[in-house]
């Protein structure tokens, strides 16, 4: 199976670590490509205006490359561009962190809390949780007051904050499961799990394993994305005659192939 | 008051007519600028992937020009980029057709139906109606099976279809108000109103008059957009140091100033 | 445009100040009439049984006078009698504070909190917010523990309480916009806005400007209230033969004509 | 137990039959008083403006007489004035048809349909069902196109229409229970039940038996109406000093005492 | 009327007291049978796996005995087996604590809080309140941190805890009514009511009086449980040929007949 | 990985075919055990009273065997006993058809329709879809009017019915994805997919692949079921001292080990 992980930022400092993480947990027959955007793109997309600057990149990459992949992962907890990317993903299924983590959390406990970086993020993320139908199970969104680019700077501080807010989420809010509300919060779920005694769902691993499952069910059972009604793809002749998607494709960097890495090792 | 109408397509064939319509109904002291996008942008945005191609344009235009305007209107019933544009609109309020028409409809009747172009559009528009909190009042979305670029081609056909589906919406679905679910459906609301005997809300006029109201209340009462929590704008130093929003600004065409037009006449 | 502001209390002590406020903010071509009820009517309607005592007055006044007005404003945050008044308003649109303020707030931020007078008010007001579809955006209703007749007695005390609870609404509850949940809370929104740094929506100004907009769109576009299905008006022959609405009309006092006032000045 | 049935119309033609019906089904120790309004009040309240004309009567009667009763029934499927009447009912519980029938229906089946008189009624009744929390169980409201005053004119016609629409409600809409959506639809539930094979809940009997239960649990267990927060009653000194509720009390006609009738028989 | 109270535990220590309570409050013509399960069944069913162990008992008892009863009460606030028991109850109506108490509370106040034993119970009970449509009125579930078998051990402690949490529910959460969220919380509602000044709904008395009402309306009006669509009962021939329900019937102990008790006294 | 498929019926005629299906689609390292219940258990569980007869079996089997499995699949679209089984599943995750199919469908399209066997099933299944949060996406449940035991009798008839109703679901109801609402509907999804042109989610394959994913994420990431609050397991000492779960364990038949089968072949 081939999976494309879309890291929707430029000069993506975490992309190597993310790729390594995925390589360690992928199935034996999964090949992972990780792509980040051109260097002039925003380095984080905490602001919705930043999201706007890169959503065309996600669509163009997906349109250009979907035939090479069974599944595509959007690497941002805003699930940025999920509807738009899905429209041009062809037969590739598309997953994203908020939808995947809440789906998994709803199978492991009655309630969950999301540890987000900043209060800035809460309205859009709450809206997504509501759209996905899990708002009745979400007992809180707790801000850590840590920005995307800061999560991996001082691991002890980040971890301490997560434990403090995670404990309040469990004890005060009644959360049975914790969700980490940013892909940059990777690397902490196990420690947190040990401290809190409840499952802690990581925002990179969850959509990745979800992508493996959906990529497999697509191939095995023909459960490809629907192309009916609202899921109808744009017509090829319109795309061609208007010259859409072709110009201005961002630089693509294939950072790692997990499969290859492991075979070498 | 100065209002910017953002027509989010390239080679916008209707933009002159839209500008004329707005000029005729604006308040005496309103100046209207109408902007469409660069010619290489999609000519309609029925597909969400097409929306993705122009959302950065909307944000860049808004960021660059918001100081010149009291209010900005996004001219697409998908309310494309509403959250993103609002974030960088500074003190300018931002309106959009779906939010404005449903707000007005909810003051004029208990229920409404939306006449959309194609079934393609329904899921995203339904999602928006649900997010705005009016799903309990929406008795149906009825597709006319007419594309955006076709609405103004054969006026008789378009009008006939609207009457047929509008009548079903009223008689069978129980709609007390009809909403026209595309800005390209302009020019028909009065005929339809006469035929159906219920208010028919136009997707250009509604967000425009809403913008006039919100532009006025902003200036009079200081009811500018909130910049707190989820509405926080991106920090200027980040924008500057990363060079965001500045490059690649689409060509801006100021098509009409309603105020000036009328003063000349 | 002619707008009728219905102050639904007897011996209305604030009615002059309300009229002055509206006169200062109205459009140049707006004439405002402000009506309060007969002296034996309750002086406030915090209790629902008091509402019951005056709802017939609102209907009778509206039935008798709707031809003289483009829009009618119900001056109570319970939106008392909104459904009933709308039924007999003919071509006049009818607005009310809770519906108008929440509609405007939902355009200015993701979330809002309502500063109400007493906890007594919360269940009915919450019910209205839920009916209007904005419950997902309301993060709290905070009681000031000040009664309707007390708001204007000690301005410093009222303002202090508003700042204290407004700050909690913003900081603790996550409100991006504040709504003042009583028409008697007029005169404070600007101070509060300066203190809190978020828009503060006034319960008199919002429905008034909303009425101006809807009055204009009614005249310009024919967007009069629907008279279909649930919005059907009572039949004239029944009203006549049963002698409804005619007897016992409360004393009407036209307190101010904003237009005239300003022309004199 | 003493129960007051409030028939909220003037010149109430059905009130005798209603009283007879209740007398036949009351518990042995229940005394029923049935009150209708002054002759100049509307003869039906299909229109919300008509409701407005009589809601003060309901409040005044309840305020004046609540000490004499254990429970009060509001005899209109709009549940007119339920919130207002409850506020001044003292220790008497108050029931109404829509709330009682939907509560009972939800114990007898998974889904229900309401047979209403005219489409006019649907928006307010739907709103009430939504407020009571039973909208997920309501599969349809079906209009019989029969007005309140016509239900008892041609029994065969009324019954035929009920069977036709009731059958559609069961077979097409999936209703497991039928609710009769008007107190004037009395006398048909048994025939309809035989024809349709599902329980058919009558709009007079349901709130009456509910009132008997709540009247009993009030006396036995002290489960009187809450007087806290939103249920707080108006203060006596305000009522007294402002002279509320006392003037203009409508003529009260005690039409029947079921208990007495039966003791005589 | 004959009512069966199903106490869904083995070695039921409270069953005598429950029977006594019901005997004291039943109508003169009500005969009560109270049944508990075989001694090897769980002594409480706080855990859902324990519920699973006894749900077949409830169904078998109901199937075997429904012809002897007008109404059946399931004595557990989880409303364990309500859907399943209703399916085989024939003409007997079935009530349960959560559905009955929330229905009654919604008639006595705008909001309620449930005092549950342990946090363990909250997710399932919340789910039920949501399914019954009363989640908008529930302001909190407050755990007393007292297990089912402990409620009646130290009455002072239990009562103190109830007063502490009940007061917080009223004062902090805004509850107008309190619901006792366990049948083992019997015997405290009056004291609590005196302390808190709001109605306190008992989890045994409420479904019992509800059962009396529904048993009466079934007999008087034919409002038996629907047997249509989802409420269809299993076919007799299948039950017979497969030998379902007959084997392994738990030991039935008729502990008290209230009617007989009182006649003897 | 070891997965247990619980077929919750006795004399399970399809169990061999189900086991074969799973064996063909499992991952190389998955071992599947399929268990059906004792012969005296119901042969289908269309009726909720039948569900009640086997839910203790599911709990007992799960309690006894959970240490042997990474994941457990409940093989009935009612998701019978899901909450109860999850409580005693230890570290094994538990999946069920309705929750898994709706989760997958929500990733493949905007809307879905469920093809159920009989109208009988709709209320409980609708309730589950509502509890899982996908009711906004479900455009219809369409009954095939085929019972569980009939699906595999006349394949042509079953398939024809599925195509007829599936086509209506897509064309009339607007479904973008079809869900097969019974595990006995296996074997048809590919044909149906070819006919309808939308993904058709099978009720056996979906929860099985979901179980493989969750079994893997449990082992890899420690995402075991939460045991906090509502997910707390019953205490061992209570289980032991009361002798719960041990007696009366149903006969267990391990029908197939997919891994072994394939290795032999």
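Going in written order, the chains are labelled A, B, C, D, E and F, and every chain counts its residues from 1.
Following the convention adopted for this analysis, a residue touches a chain if its C-beta (ideal position, glycine included) is under 8 Å from a C-beta of that chain, and two chains touch if they have at least 3 such contacts.
Please read all numbers here as calculations on a predicted model, not as lab measurements.
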{"item": "Chains contacting each of chain A and chain F, listed by label", "value": "B, E"}
{"item": "Common touching chains of chain F and chain C", "value": "A, B, D, E"}
{"item": "Chain-contact steps, minimal, separating chain D from chain B", "value": "1"}
{"item": "Numbering shared by both copies at the chain F-chain E contact, with half separating same from different", "value": "same"}
{"item": "Chain at maximum distance from chain E, centres defined as averaged CA atoms", "value": "B"}
{"item": "Pair joined by the larger number of C-beta contacts - D-F, A-B", "value": "A-B"}
{"item": "Equivalent of A-F within the choices D-F, B-D or B-C, defined by over half of its residue contact pairs recurring", "value": "B-C"}
{"item": "Whole-Å gap between the CA centroids of chain A and chain E", "value": "46"}
{"item": "Separation of chain C from chain D, taking each centre as the mean of its C-alpha atoms, in whole Å", "value": "31"}
{"item": "Whole-Å gap between the CA centroids of chain D and chain E", "value": "28"}
{"item": "Per-residue overlap in chain B, given as positions that touch at least 2 other chains", "value": "110-111, 119, 122-123, 130, 136, 174, 176, 229-231"}
{"item": "Graph class of chain-chain contacts, one of line, ring, star, complete, other", "value": "other"}
{"item": "Chain-chain contacts as defined at top", "value": "A-B, A-C, A-E, A-F, B-C, B-D, B-F, C-D, C-E, D-E, D-F, E-F"}
{"item": "Contact footprint of chain E on chain F as seen in their complex", "value": "40, 42-43, 47-53, 55-56, 58-59, 63, 81, 83-85, 87-88, 119-124, 127, 130-131, 229-234, 242-245, 247"}
{"item": "Interface residues, chain A side, partner chain F - complex", "value": "25, 27, 93-95, 99, 103-104, 106-111, 132-137, 170, 174-177, 189-190, 193, 197-199, 201-202, 205-206, 209-210, 212-214, 216-217, 220-231"}
{"item": "Complex interface listing, chain A residues touching chain E", "value": "110-111, 136, 174, 176"}
{"item": "Interface residues, chain F side, partner chain D - complex", "value": "119, 122-123, 130"}
